[in-house]
Every structure is written in structure tokens, then in C-alpha cells.
Amino acid sequence: MSLLRLRDVAVTYRVASGEVPAVRGVSLDLAAGQALGVAGESGSGKSTLAMALLRLLPRDARVTGEILLDGEDVLTMNWGRLRAVRWASASVVFQGAQHALNPVRRIEQQIAEPLLVHGMATPAEARRKVGELLEQVGLPAWRARSYPHELSGGQRQRVMIAMALACSPRLIIADEPTTALDVMIQAQVLALIRSLIAEHDISLIMISHDLSVLASMCDRLAVMYAGRVVESGPSGEVFRDARHPYSLALSAAFPTVGDPASRRAPKGLGGDPPDPMHLPTGCSFHPRCPVALPECAFQEVELWAAGESRTAACVHVRPESVQPAGPGEGLEKQSVPVARPAEESQ
Amino acid sequence: MNITWTRRRTALSRFWRDYRRQRAGLYGAAILIAAVALALLTPLVTDPAGMDVTRATGAKMAAPSLDFPLGTDESGRSVLLMTLWGSRVSLLIGFMSALLSMTIGTVTGIAAGHFRGWTSAVLLRITDWFLVLPSLVLALVLAAILGGGTSTIILAIGVTSWASTARLIRAQTLSVEARPYIERSRALGAGHWHIMTRHVLPNVAPLVLANTTLQVASAIVAESTLAFLGADSGKVSWGGMLRGSYDWGAATSGAWWYVLAPGLCIVAVVMAFTLCGRALEAVLNPRLRGVSR
Amino acid sequence: AQRARTAQQVPRAEQSQAVRQAQAGQAKIGQAQTGQAQTGQERAVGQARAARDPQGGKKIVRLGVTQSVDSMNPFLAVRLVSSSIHRWMYGYLTVPDSKTLKPSPDLAESWETSDDKLTWTFKIRDAKWSDGKPVTAQDAVWTFNTIMTVDAAKQANGPAVENFESVTATDDRTLVIKTKKPQASMLENPIPIMPKHVWEGVGDIGAFENDRYPVVGSGPYIVVEHRKDAYVKLKANPGYWRGAPKIDELHVIFYQNPEAANAGLKKGDIDLIGRLNAPQFEALAGDPNIVQWNTPGRRAAYLQLNHGAQTIDNKPVGDGHPALKDPRVRQAIHYAIDKQALVDQVQNGLATPADGSIVPPMYQEFFWKAEGADLVTHDAAKANQILDDAGYAKGSDGIRMMPDGKRKLEMRFSIHTDTPVEDKLAQFLTGWFKDIGIALSTKKLDSNKFTEETGFTGLFDIAISGWSVNPDPEEVLATHLCSRRPTASGEGGGTESFYCDPEYERLYQQQLSELDRPKRVELIKQMQKRLYTDAPVIALYYPNNLEGYRKDRIAAITPIPEDKGILYGGSGYWPVYSLQAAALPAGPADDGSSTGLIVGAVAVVAVLAAGGFLLTRRRRSVADERE
Amino acid sequence: MTAPSEVDPGTPFDVEPAGPAGPGGERGARRTVLRYALAKAGGAVLSIGMVIVATFFLFRLIPGDPAIAYTRDVPLDPAQLDRLRHQMGLDKPLMQQFLDFVGRTLTLDLGTSYEYKRPVADLIAERVGPTLVLVGTGLVIAVSLGLWQGTRAAWKHGSRFDRFSTGLSLVLWSVPTFWLGLLLLMVFAAGVGPIPGIFPTRGMEDVDAPDGPLYLLHVAHHLVLPCLTLVAVVYAQYLLVMRSSLLDEIGQDYVTTARAKGLRDDQVRRRHAVPNALLPTVTLVFIHIGFVVGGAVSVETVYSWPGLGLLFYEAIQGPDFAVMQGTFMVVCTAVIVMNTLADVAYHVLDPRVRSA
Amino acid sequence: MTERRENAGERGSLLEARDLHVEFASRGRRARAVDGVNLAVGEGEIVALVGESGCGKTTLARTLLGLERPTSGSVLYGGAPLSYSSRALKAYRREVQLVLQDPTGSLNPRHTVYEAVAEGPRIHGMSDERDRVVSALARTGLRPPERFLHSYPHELSGGQRQRVVIAGALALDPRVLVADEPVASLDASVRGEILALLLRLRDELGLSALVVTHDLGLAWNIADRVAVMYLGRIVESGPVEQVLRSPTHPYTQALLSVLPESPSPVVLSGEPPDPTRIPGGCRFHPRCQVLAAGAAARAGVEGRCRSQPLAILPVSPFSADSHAACHYAGARLE
């Protein structure tokens, strides 16, 4: 049985000017010990989805669907149960550790806090545990006495990871844990996460817009666009051989150094990201899609199987659709290396 | 340009749409508009002769009646009439001293935020000095030294109340100055003047506007307090009326209308300004926009 | 007093008046009277009573004042409240008689003067200080000599000894004062006799606060406690030579806020309050427990017109409006003023319109009443007529011009800051002056600057003024003499008008030497008439003395003078000495405050309880309300 | 005075992001605190110096002869006046007078009152106590009430309690202090209609105040109305500031982290949000001491409270420029010193700026 | 592109930093943010400056624009040292333009696109303001320009905003564009477009560019030459293919190795270097994996690595050779 099972999860923010459908019907499965990467451009609903998993969204967000954590629906839990689940079953590593740590409390207090709250340790044990955790993430134990601002960005992110590990959760949700970090530090942190989840047999949901990072970290990838998952599958395959034109553009945006194909030929995707309040009809990607068919403008797309344990939401993978060429091929031909002028894409 | 005009109008209507959502701000604006309108209309619809004690027609401290809806004062003048005329002075002092305070505060704040080194240090020192000093006490000293008169009161309030504005504007200036577009502008060859007037000023302007509104409110309170403590402008203002009611024992002789009318007017108008100021701040200050949860 | 501000001013005027009297140097010899000798027996009785009844049943009278004590040191204190308290603490050489106000024996049993009127010999009474030591002539010698020799001690009463040549004691009972010039005011000497044995060891008198309680004195009361800006507590002096007062304690309680003081009287926090202003006085009406005490005042309020201010050597000073030099303009101004309206509106009717000059009608003998052709009544038309005739034509804006057409009749009216009565007055004058084509603008000055501009530098057009007149009006009349004008460097003087009129001077000199009283009275009346018609000053009204006390607390009190006199603020101790209080089982102050205390405590507890309840409720509710 | 703005006028210190600190960080931090304290003290000294200079020139602006003002209207002969002028140092050049003034001020000689003829310093010393009682109590109540209610209002943002608190504080903020004082005095001290006057009409204590613990109760009884007035006007501002400051914090990520950890709502508030919101608020509270002192002048006048405010008011009425000048200097200095202490305390308390 | 390379050697450098040092006072210490840099951008050349966070890239870029004064060394434009009088700077800034990382921040939210682009021409008192704005917008691909003139930045997407910023620079007809992480804040899908734009501008207008980045992929995407910076110094520079395909400096090697798809990452331990404490010897030696692995010792340069400072790399516009400031690399070459 999968550890986490999302069924048709949708999140809508109520704002003054209307409703923002930030996540629109996402279904995902995560097996125990598996690492799932969620990619997508800014505003595609990645963080919203992650926060919805533990009902951490602000009050003006409405969540529907089912979020089954170990078979139990998070959305219908009572507060007491939810509090017990939080951090003990699933913990979160936030986007900016800078802000996710309380600036006026010492590291040790913050790491020990979930242990104490969940009654998993006495204060003395907690203190010892904090030292252990810090050492696990490669920080000296005396750092426990520090305040967040005394640490560098990489160190803070490590503290966040140590904190996430505190209650030995079965799932860690990492929302862009390295985006704000430098290349070298990023490599350090990723290596750390990789070794920790392997060691402790923890499931991971990792969010990033950097497909290449996700590809190297995760077993499976899900690519989101405008609140929906548009493609999912084993990470290597999705990264190297995307079926959805958006995933393709995303993976092309990260050139392989040394690959002559991308030398002096940056690839990108024209057009503007969609406005979640005014989504295009049909396939929401069609205005930017280089291989859009006329029917894309009105016909709903859904996730179709696109190979073994792969799905993609594109007419080009629709089983019954007549494919003039292989979808990959077609895309290859039509994706232009130089961006098209903006007016065309609008 | 026509298109700019349309732009402005849409910006204005957007502002209005946002503002309309601030219910308290709407109430405030309504009261304000009413108060200002009354103050402006007063000379048109009433006769200032009624303010002349030698021509007063009422009995002394007469209770409200049809002739005198708000009763009369110690000389038999209509309290309503005095309240109306007093609003002119109170509002004038409020506006003018707020204007003075905002001018000093904005100029100092922008300069302190824009320039580095000793200019900023000196300005900041002075600002801090004025910030912590008991402004009312300082205003009283100023008023006592400079002697009475409307301009003295305006000066005393204006000169003592700009510091918090300057701090606010400086903080905002610093945050504007840290924005990349300032760097970009500098890289385009812009000088201090260009940056301060084209980038910083327009960006702090909404804040200045909101703060001015709040400042008017505190200036009106300050005026009444100064009047009570003995530094009045020599004209009939709400503060002056309250002082009069105190001097002539209105409260002990049961002339509640004389005590309450100007006092409630102060409360209402100050409140209105405050509500408007807060609403403006909420609409115009991006820092507060995010906090809607 | 209208408000604290005015209250402070008045005593100062009175103070300086006494000084001036001292300087005027006129000798009047009082009758020697024998006072009662204080007996040890009485003292014993007093002590026994105190011992019998330490707490309950005390007779306490609480006096509200709206002026705080500036100093308990009589060498320094100038405020009315302080000098009043000193009157109750200390003996003086003489005290005004309770009926006639003429000097009567106090510590000086009797006195006589030498023929050249330069030597005064006082016989000191056999009295005791409150610490039991005898009062001797040496105490008086020390007191006067200290003021004469120590600069710091001159602050309060320096001028009163200016004319003293020497002060000596021939024996413990005999005091001899030699003066440089004859001094008529000798018997009104404002200096309390201080206990030498206590004060000798003080050191710096200017720094001493006289705060060793109980303060050793020889008056009817002993100060036992003083909290600054709060209260002074006095106890009856059981050993007082006239006999101990009939109450046990006298509390002087300070209110900054006159409204609060009034409320305090109504509520029973205080028992007596003096120097009320008209609205406060009126606010007391209708309270069955309060007696409104309204007596004719000894004060005159008048305008001072700058009719060409000059220094003592006839050099013009200041910037007075030239039109005011014209007696017709002054006359017209006089006609423009509605004195009755002022009385009604400014003084709430609690004053007398001034149909005379600067001597109030309270002094029936000296009061001159304008009648017939002399009488100036409110008549704007007549005023306009006078001005028209005099060539002051009205301009298009309704403001008149000087006959030469060069200057408008735009004048300033100088008043004190923070005096509502003067403010109101200014409003009325402005209105009336407008009717006769004179534009009046109000100029508010703090009292320092006011004195400077209206008394020395002449930087005014019209100014408010007032004077509390003594039973003999000579002093107030003297303030309009040529010799009172300031020197060129702006010093000395004491003029109230910069007036210098040969006719007036002549009358003054004449009355000085006129020993026949009716004739002298006539001369004095003529001087008033001159002032009235020439109008260097224009009297407006004579305010009444307004006071109030609780009759449920004060059983008896003797005003001074006994016939329609004042209760608080006069010289002498008669009213407070004569106080009789209704004894309450427990002091009403304690009663009031303990009820209040209980109620307050209950309120606090209730608030706390409510708060606590809310808090606990919230705790409980919050637990599962949200996450 | 500041309007009850939702925006704080900037922290009084520029918060720099701090770099990593080594194990010696604690000691280093202590050293920087010391350096900071010294710098702040230096600033305060400078400010106080500015107060002295400003006072001198401000009061030298007053036209008129201080000697004549000092003697009031008692006529003196020229020689006496000259002697007095000499005594008061008025015949010296301005610069010399200024230096003398500074020298005297530094030795706490604030001159002699025109009215009381006593050293101003003594007058002030006598009245500091009652003011401290009033302002101290008022401030403590206002701060605790304001912060508590502000916290609650922000936490239940948009609730009825929030709307009520915000509304009430806005009304209170709009009320002139003296007017509120007069109304309270008339209603609760004098008594109106059926309401008995249960509180005293004046002062801090009555004659024959009881001794011992009862004395405290006695003073407390007198303190109720003045304190209420002061608190009503002052606390509103703290409420609004705390509310907006906490609202800022509620949106922060670390609050979400805390919730993600499974903390209860009140734990999140007490342990995380409030401490962070508190620090800037407390600074503002201290900046506003000057404002409170201003309010104290009105309150002390209305209730005849024998404190510095009353002394100042009387001095204005006099006018007794010597007392005015002295009180002004002392009050300003006190406020500056308080602020400096608060700054340093803040610095010690807030780890973010501590080691910066 | 090969053509460009061939006659490159003949042309001189347009913008050049010579022995540049920039220091800051940072909490009582001196931070040597730029500590001896030689760098040149030739006419029509795109140079990428890569390096870790805090190594001084931005400082170098700002100094090149005269926004920061060098402590020593000089900035040369067209061979002449930069003068810091405000007039000379203003003239200089017509020719050399800056594009910043964050297009949203680089645009004043209260200015329309027109105002933003026209700001430069206005400051420099150019007459044909509107034409310049329109053509600049058109050149950056915002077509038709009229449609955008009166938009406010918040009405545009991130990519469009960055185009507006670039248009603002182009409106002055600059010869050099200094772009500080021009795509770092853009969505991955959009960044390709902006980079393509830079390439196109170089082709169309002959614009030179210095692109500051921490992303080696970006350098690979567009640059002709790359300079790798470490702790205030350039440690390796040369043509992109050469440097990125066969890096000689251990630091460059490490940077390349941590790219996600690289097979054997060399994760350097330790924190980002601190410019207030620059180590002696080779400034990279405390983190050097070659030194740590003992290779340097084997090559007999360990001592030198630890104690002997390296010379500042020479300036070499259009040079076909790469240089590395490394004792070990030097030893291996010998």
C-alpha cells in the first residue's frame, strides 16, 4: 500500500477578487521509501499542494479531494489527530530556511520542540537528540546554541533537515530546499538528503523547478502546470524523454554542459505563464504549446498512459489519437531554439 | 496624452475599488467630507456676527432648544455656531501643521535615506532626538516662547511632530533605495536629484499621503491639548471651546452640551482622519497588502 | 480668583502694595490695646483634650485652594496661600482689627512713636512659642535684622524694611525700630515674627524650607505636615495666647483644577473654598449644604490707556496709538463700553458696574460716584458723535482715521495669557469698539512681559489692569502720580497709567497734608473725578468676593471685616481662628475615602475576576477551536 | 505623537544580517553588546547635549529681561537690578553665558525658580515620585493591556473581538487626554446623577492618609482615575501596534513551520509569533515614553496630581521660565535615557541584532 | 561562430578591468571583495563570469560600471581609464549598460514601460525619445511596441519584464551590456528566451556582453569566453569549450562535477569563502580537493599551494588560450 495517496486534490484560494484555483485535481501515489519529484514553473501550485498535505494552508484556502496518509484522510482528521500526525508522520523542509526558522529562538529549542510536543523525549533526551541530529546533517553539536542568523544559508537548510528528521517521520516534504543556495552548497545539501532518506528509509516529496536536480534525486517525477499534473513517470525517462511539450521545454532549459547541441543555442518556451484566475479553456497549456492542435483550445486533456508507469496530459499521447509522427519526434522538430516573438505566443 | 489619462483614471478607479473595500475607511471618509464641507460652507450659511459676544442673543449657558440646537455658551452664543466656526480653525491648524510636519518629515526622511555618510548620520540624530522628546512638552515650550497666534500653534505642532514621519519615510526610502531599479537608474546615469524625485518620492508618496492623514488627526488632538494647557491660537477652535467650557465651569454648572459638543466633534473628526489614514495605508502600502489571512 | 493664574497675580499686587505703603512713609498711630494673656491652664486643657480624644471626634476643617504653596519659609513665600498660612502660624506685631481693619495689637501689646516719628517703640506681649519658649523682643529684632542684612531673606518682604534704620531691643519686652523717614505703614508691617532660637541655626535662609514639623510658631495654628502640591496640615495651637482655636485641625488642600475643587466642595471633600470665579460660584447654587458667600470686593478692574507714555523725566516711551493722547478719543471709548453688560456677561452679574473710578463702593466713605453730566453711560451714538466731531472720519471699512488721515484707529488690547475673564472682556471690547470705528486686536502677554510693556516700556495701546484697594485708598491713587513713572532705563516706578497731570498732583499733595477727614475725603473724591473724566484709566467694574462653604461642616465663621467681609485671603487670622466645625464621629474625609476605597477595591477585584474568568474560558475554548 | 499607524517607524537600529559566528560567538556577542551600549550611550550623551544647547538658545529667545522677570513686579532700583543681573551672569557675553549654563547644568544646578525662589532641581526632585507612580503604573497597565489585547485581536483577525478592540482603541486614541480626564472626573469623582463620586477629586493622597499597607491602597484609590485616563489614551496605540506587528508575523514561514510541527494554536502564538512581534513593539513603546509624558501633563493638571507635569503646567502659567527650562531638560533627559536603556535592552534581548 | 573567433585576436578589448581591487569595510574588517582581477570584454564578445556566491562577481560588475570605486587598479573603457567625475560617468554610462538579476525589482512599479525605457534617454537629454523607446522595445521582441508602452510592470510576465529592462539599456545604444545574473530569477522555461535575445542582440548590434552567473549551463549556452572567479580572483579563464570541457583548475573541475547529471560529483566541503579572511598561498587551497587527495603533494607543489600566492591571470580578450591560476596545473604543464 502506498504511504501517501492523493485523489483528485484541489485547492482554491478565496481572495478579494474571486477564487484562485491553485491546484486542480491532482492524484498521486507515493510508495514507502520512494522519492517523488514535483516540478513546474512558478505559480503552478507546487507549494500549495505540499502545504495541503498537512493542512497547513491559510484559512482562506479550501481543499477538496482525498489525502490519504497511511490510509487515513488528512482532510477529515480532527485537530488532535492532525497535530499528532504533523511532524511525527510527515515533516516539512521549507522553501526558505531563512524564514522558516524562528529568528529569536535557539536552534536546539526549535529542533527539540517537536520532540517535546509529541512527547517523544524528555527535555534531557531531547537535548542529546538534538546534538545527534545536528551531527547527522554535518553540523557540530555546539551549533545547537546558535540562533538562526548566526548560520549561513546552507547551515540553516541543514538545520531544517535535522529538524525534519527529529521525530523520525516516514515522509519528508521538501519544498525547494536548495533553490536559494549556491551551487556548491546545493550539491552538499542534496547529497545529504539523498544519503539520509536512503539511510532512514524515508519517503520524500521534493519540489523544485529544476528538473535536472529532481531527475538526479528522485525515483519518480511529476510535472505540474497550472495546478495540474501534466506528466508523471520515472524520473530519468521524464527528464530525457518527455512526452508533454511543457516537460520537454523544462528539461531543455537545463543544458548539459559539453553537449554541443545546446552550445550557443538556449532553448526556451515562449509566452506567459497562465493566470490561475483566467485559465485558458481546453488544455491550459495550449496557448504556449508549440505543437498544439486546433482541438487543444477547447478539448479537455487528461492524464493518459504514456508508456510503462508513465502518464502525460497531452493530445499527442492520447491513445486513440492519430499521431502523425512519434510525439517526441514531432516535438523535436517544432521546438525552436530561439524564442519566438512574444506577440505570437499571446 | 489621452492614453495616460485613461491610465490614470483606471488607476484611480482601481484605487477606489480597493478603498471601497475598507468599510471603516468609507465611514471615515464620509465623516470627513461632511466635516470639511460644513467647515467650507459655514461662512456661506451662517453669520459670523453670532460669534461676537456683544451681539449674542441667547441666555447664558442655555440648554439646547430650537433656537440653539446645541445650547449656548457662557456669553449666550450658539454652541452650534461656534462649533461650526471652530471646525474651520481646528481643521486649518490640523491640515497646516500636518502639512508642515509632513514636509519636514518627508524631506528629512528622504535625504536621510538617500544620502550616506555624515549627512544621513546628522539627520538621523536630529530625527531621533525629535522622536524621543516629549513632543507635547516641546510644543508647549515653543508656544510659550513664541507667544500666541494660529501660526505659532501650527509651527509648534508641525515642528515637534515630524520625526516619526521622517523615520517612516527613511525606512521606506531605504527599502526603495535597495530595489534594483535604483541601481539600474544609477547605471543609466541618473543623479541624486533624479533618483530622489523620480523614484523615491513617488514611491513614498502614498505612505506620505496616508501618514499625513493620520498626522492631521494627531495635530487636531494636539491643538486641543495645547489650548487646554494654555497655548491657544486666539481664535475659536474646538480646543479653545473646550478650554472655554473648562474656564467657565460648564461641567460643574451642568452645561453638558458645551463640554460635549466640541469634544465629540474632535473625537469624530480625529477618528475619521484616523480611519481614512489607516484605510489609505492598507490600500496603498504594499507591505500590508500581503497580510490578509 | 478666577483661576490659578489670576489667583497668583492678585497677591503679588497686594504684596507690592504693602511694600509701597511702607515706602510711602506715612505715620499713623494706632491705639494700644491689651490682649488676653495666654495662660498655662488653657494650654493644659488643650493637651488634655487631645489626649482624651486622639482620633475620632476631631473637628477638622478643610480649606480648598487653587494655588499651591510656594514656600513655607516666610522669608521667601510670596503667594497668597503661603502668606495666609503664615498669618495663621506666626504672630505679627499687629493684626487688622476684625471689625474696623485698623491695626490692632498682636504680638505687640502696645506701641508709641517718638515726636519726630522716626522711632517706634513696641511692647511685646508675654506669649509663648509653640515649643514652650517665650516670645521676646529679641525674636523680632532677629527677624527684622535678618531681612535687613541677609540678601536671601529679602525675597518676600525686603521692601518692608527698606526704610528701617535700626531694630533693637532694650529688653525682652521692648522693641525699638528706628526709621530713616517717617513711615505711616509701620503698623501694617507684613512681617511675621520668627522664633530666633529655631532659626538662628538654620544657616542659609534662602535654602531653608521651614520643614521641621511641627513648625515652631506663635499663631493660632501649628503646621504639622506639608506635602508639596498637595496639602498643608495645621493643628490648633493649644498654647495660643488668645486661646486655642475651636477646631482641632485645619487642612489646606490644593487643587490645580478649579472645577475639581468645586466638585470637591459639593461632594464634601473640602469644606470651604475662597476666591471663586463667577461660574464656579453659580455652580454652587441650589446645594442645600453650601453657603454661597458673596461680598462686595475691594478690587477695581479698569482699562489703562496709553495716552502718551513718558518716563519720569518726561521723555516719550513706547508706541502708544497717537489718538489716545486726545482726551476726546478716551472719552468716546468710555462711552463705547457697556459696563453693565460686562458685569452681566463677564462676571455673571456678580460685580458692580463702575460708575466711578478706581475706588470701589465697598469703601463708602471714599467712593466717588459719577452723576449728572459727569456720568458716562453706554452710548455708542454719542461716542461716534464725539469722534466725528473730533475729526476722526470713518473709512470705507468702517475704521476711523486720524484727523491727518495718516493712520487708522487700529489699537491693541493687551491682556494676560490664560485669563478667561480678560479674554472675554477683550471679545466684548472688540465688539463695541468696532461700533465706534476702532479696530481692536487682542495681544496676550505672559505676566512678565505684561508688566514690562504696560508698566515700563509703554508698548501698548490699551491694557487691562486692576487693583485691590486698601481701606485707605491713598496708595492706589498714588499709582497715577508723575513720580511713579519709570526711569529712562526702565526701572523703578510702579505707575498704573503713566499718568502725569498737574491738577491731579496738586490734589494729591493737598490731601497729604489735609488732616480734616471730610475735607480729605473730598479731595480724594476729586482725584477720582479727575481720573474719571480725563480717562487715563477707565474703571469697568468692581468684582465681588465669591466664596462658598459647607454649612453642614462649618458651624460658624467670622468674616473679615465681620460685617460682610471675606473668609479666605484677607490679612489676619480671624476667619480661621473663629471657625467652629460640626464634629463628625469619624472625619468625613476618612469616611469618604474609605467608602471609596471599599468600592474601588471591589471594582478592582471584580475586574480581575472578570478578566480571570475570560482568560480561563479562552484557555479552554482555544484548545480545540483551532489547531 | 504618532498616529496609530500600522507601520512602525522603522526599528531604531539598522539590523544587519550577521555572518556565521564561531564557538567564541557568545563572548564576541557580549563584546559587541558592550560596544553597542557604548555607542548608544554616546548617542544619548549627544542627544542630551543637544537638549542642553536647544534649551539654552530656546529660552534665550524669550524677549525680556530675566532679571526683571525674576523679581516679578516688585520695583527695584537700578543698582539692585544691576547687582541681580551680575549675579545671574547676564552681563557676560553670550558664549560665556552658554558655557556657564552648561557648567551649571552639568552640576545639576538648574537655576532658581522665579516663583518659588528655590532651586529648580529641588522642586523637580520633590515631584519626580508622584509622576513616576502615575506614569509607571499607567505604562505598565497600558503596555500589558495593550499587548495582550493586541495579540488577541491579531490572532483572531477579523473576529468580533478584533473589530471591537480596534474600534475602541481608535476611539480612545482620538479622545483628547484632558477631555477624557475631565469627563471621568466629573462622572466618577464628582458624581453625576445616580452615580456617586466614588473616587477622590484631587491629588495622590489626602491629609491623614493611613500608614503602612493601607497607604498603598489609599494612593491606589487616588490613582484610579488619573491612571485610567492615561491608560485609556496610551494603551490604544500599543494595541494597534501590537496587532499589526503580530499580523506581520502570522504570515511568516516560521509560524507555518511551528504549526507543521504539531503545536497547538496557543503554543504557536505564545512561543513563536508573540516573542517576535513583541520586540519591535516594545521599542515603539519606549519611543512613545515621550508621548506618555506629554499625556501626563494633561492628566496631572486635571487631577491636581503633584508631579512633574503639574509643575511644568504651573511654570507655563507663571510663566516661570526657570522651572520650565529645568523641567523640560529633566524630562527630555529622562526620556532619552529611558530610550537608550530600552535600546540596549532590546539589543541584548533580540538575538538578531545582538551579535550584529 | 568560428569565423568570429578567427579574427578575434585582431580586435582590442572594449571594457577592461586591470589589476582591480575593491574593498569594503565589513564589521570592522576589510572585505576584499575583488582582489586583483584582470578581465576584458572585447568588441562583440560575450564573456561569462562564473563563481560561487559571494566571490565578488556582482562587485566586479558594479565596479566596471563605475557604481563602485576600485580601491586600486583601474577600469578601462576603449583603452582609456575611467574618470569618476559625475559628468564623465554619465557619458560612460551611455555606452556601458547594466542589466540586473531581478527584472521585477529593476522596474519601478509606478512607471509604465514607456517611462522605464525612456528613463535613460531622458537622463541623457536625448531628443528622439519616443522613437528610441519604440525601436528598443521592438528589438527586444516586444512587438508591437505600442501595445506595451502603457503597461505597468505588474501587468507583464517575468520574461517580458526582463525584456523591458534590456530595452531600457538598449535605448541608449550602448556598446557593452553587463548583465548580472540576468535569468536567475526567471522561470526555467523562460530563461532560454532571454538568453537567445542576448545572442541575437550580439549578432544584430554587435553588442558586447559580460554575463555574470553562477550557472555553468548558462555559460555553455551563450558565452564565447568564460572566467571562473573564486574569492575575489579569477582562477581560470579561456574559451568556453576549452574551460568547460577540460577544466584545469580544481575549482572549475569541482563546479562542473556538481552539476546534477555529472557522474562523479566532487562536493567541496566547507562554507562559502569569506572575503574578510582570504587564506595565504593559493586562496583555494583550504578547500582544494586535489590538495586534499594528495595529488598536489605528489606533484610536489603542496608547499607552494599553501604558501605561495599566485600571480594575477593576464588580460586576454578573444584569446584562444585558457589560463589557470593553479600551482598544480602549472606543475603538470611543465
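Each chain gets a letter, A, B, C, D and E, in the order it is written, and its residues are counted from 1.
Basically, a contact is a pair of C-beta atoms (placed from the backbone, for glycine too) under 8 Å apart; a residue touches a chain by one contact, two chains touch by 3 or more.
Here the structure is a predicted model, which means the values were calculated and not measured.
S.K.: Find the chain most remote from chain A, comparing centres computed as mean CA coordinates.
M.R.: So the chain farthest away from chain A turns out to be C.
S.K.: Quick check for you: compute each chain's CA centroid and the global CA centroid, then name the chain with the smallest gap between them.
M.R.: D
S.K.: What is the distance in Å between the mean C-alpha positions of chain B and chain D?
M.R.: Chain centroid spacing, chain B to chain D, equals 23 Å.
S.K.: Just curious, how far off is chain E from chain C if you go by their C-alpha centres, in Å?
M.R.: Centre-to-centre distance between chain C and chain E: 88 Å.
S.K.: So how far apart, in whole Å, are chain B and chain C when each is placed at the average of its C-alpha atoms?
M.R.: Each chain reduced to its C-alpha mean, chain B and chain C end up 43 Å apart.
S.K.: Measure off the straight-line distance from the CA centroid of chain D to the CA centroid of chain E, and report it in whole Å.
M.R.: 54
S.K.: Specify, in ascending order, the residues of chain A that touch 2 or more different other chains.
M.R.: 82-83, 152, 155
S.K.: Could you list the positions in chain D whose residues touch two or more of the other chains?
M.R.: In chain D, 19-20, 182, 186, 190, 259, 264, 301, 313, 317, 319 touch at least two other chains.
S.K.: Any chance you could list the residues of chain B touching two or more other chains?
M.R.: Those would be 144, 230, 246, 251-252, 293.
S.K.: Help me check something: in the complex, which residues belonging to chain B touch chain C?
M.R.: On the chain B side, the touching residues are 52-55, 60, 74-76, 144, 147-148, 230, 234, 243-244, 246-254.
S.K.: Sort out for me which residues of chain B touch chain E in the complex.
M.R.: Listed in rising order, the residues are 3-4, 7, 179-181, 183-191, 194, 198-199, 202-203.
S.K.: Note which residues of chain D are touching chain C in the complex, please.
M.R.: Chain D residues touching chain C: 63-65, 68-69, 72-78, 81, 115-119, 126-127, 152, 182, 185-186, 189-191, 197-208, 217-218, 220-221, 224, 259, 264-266, 268, 300-304, 306-307, 310-311, 313-314, 317-319.
S.K.: Please name which positions on chain C make contact with chain D in the complex.
M.R.: 4-5, 8, 12-13, 15-16, 19, 62, 68, 70-71, 76, 78-79, 155, 158-159, 206-207, 209, 225, 227-231, 233, 249, 251, 253-257, 259-261, 263-264, 266-267, 269, 418, 446-449, 451-452, 455-456, 487, 489, 491-494, 587, 589-590, 592-593, 595-597, 599-601, 604, 618-619, 622-623, 625-627
S.K.: Which stretch or stretches of chain E touch chain A in the complex?
M.R.: The contact residues of chain E facing chain A are 1, 52-54, 141-144, 147, 157-160, 163, 187-197, 199-200, 214-218, 220-222, 240-241, 244-245, 254-256, 258-261, 265, 267-269, 271-272.
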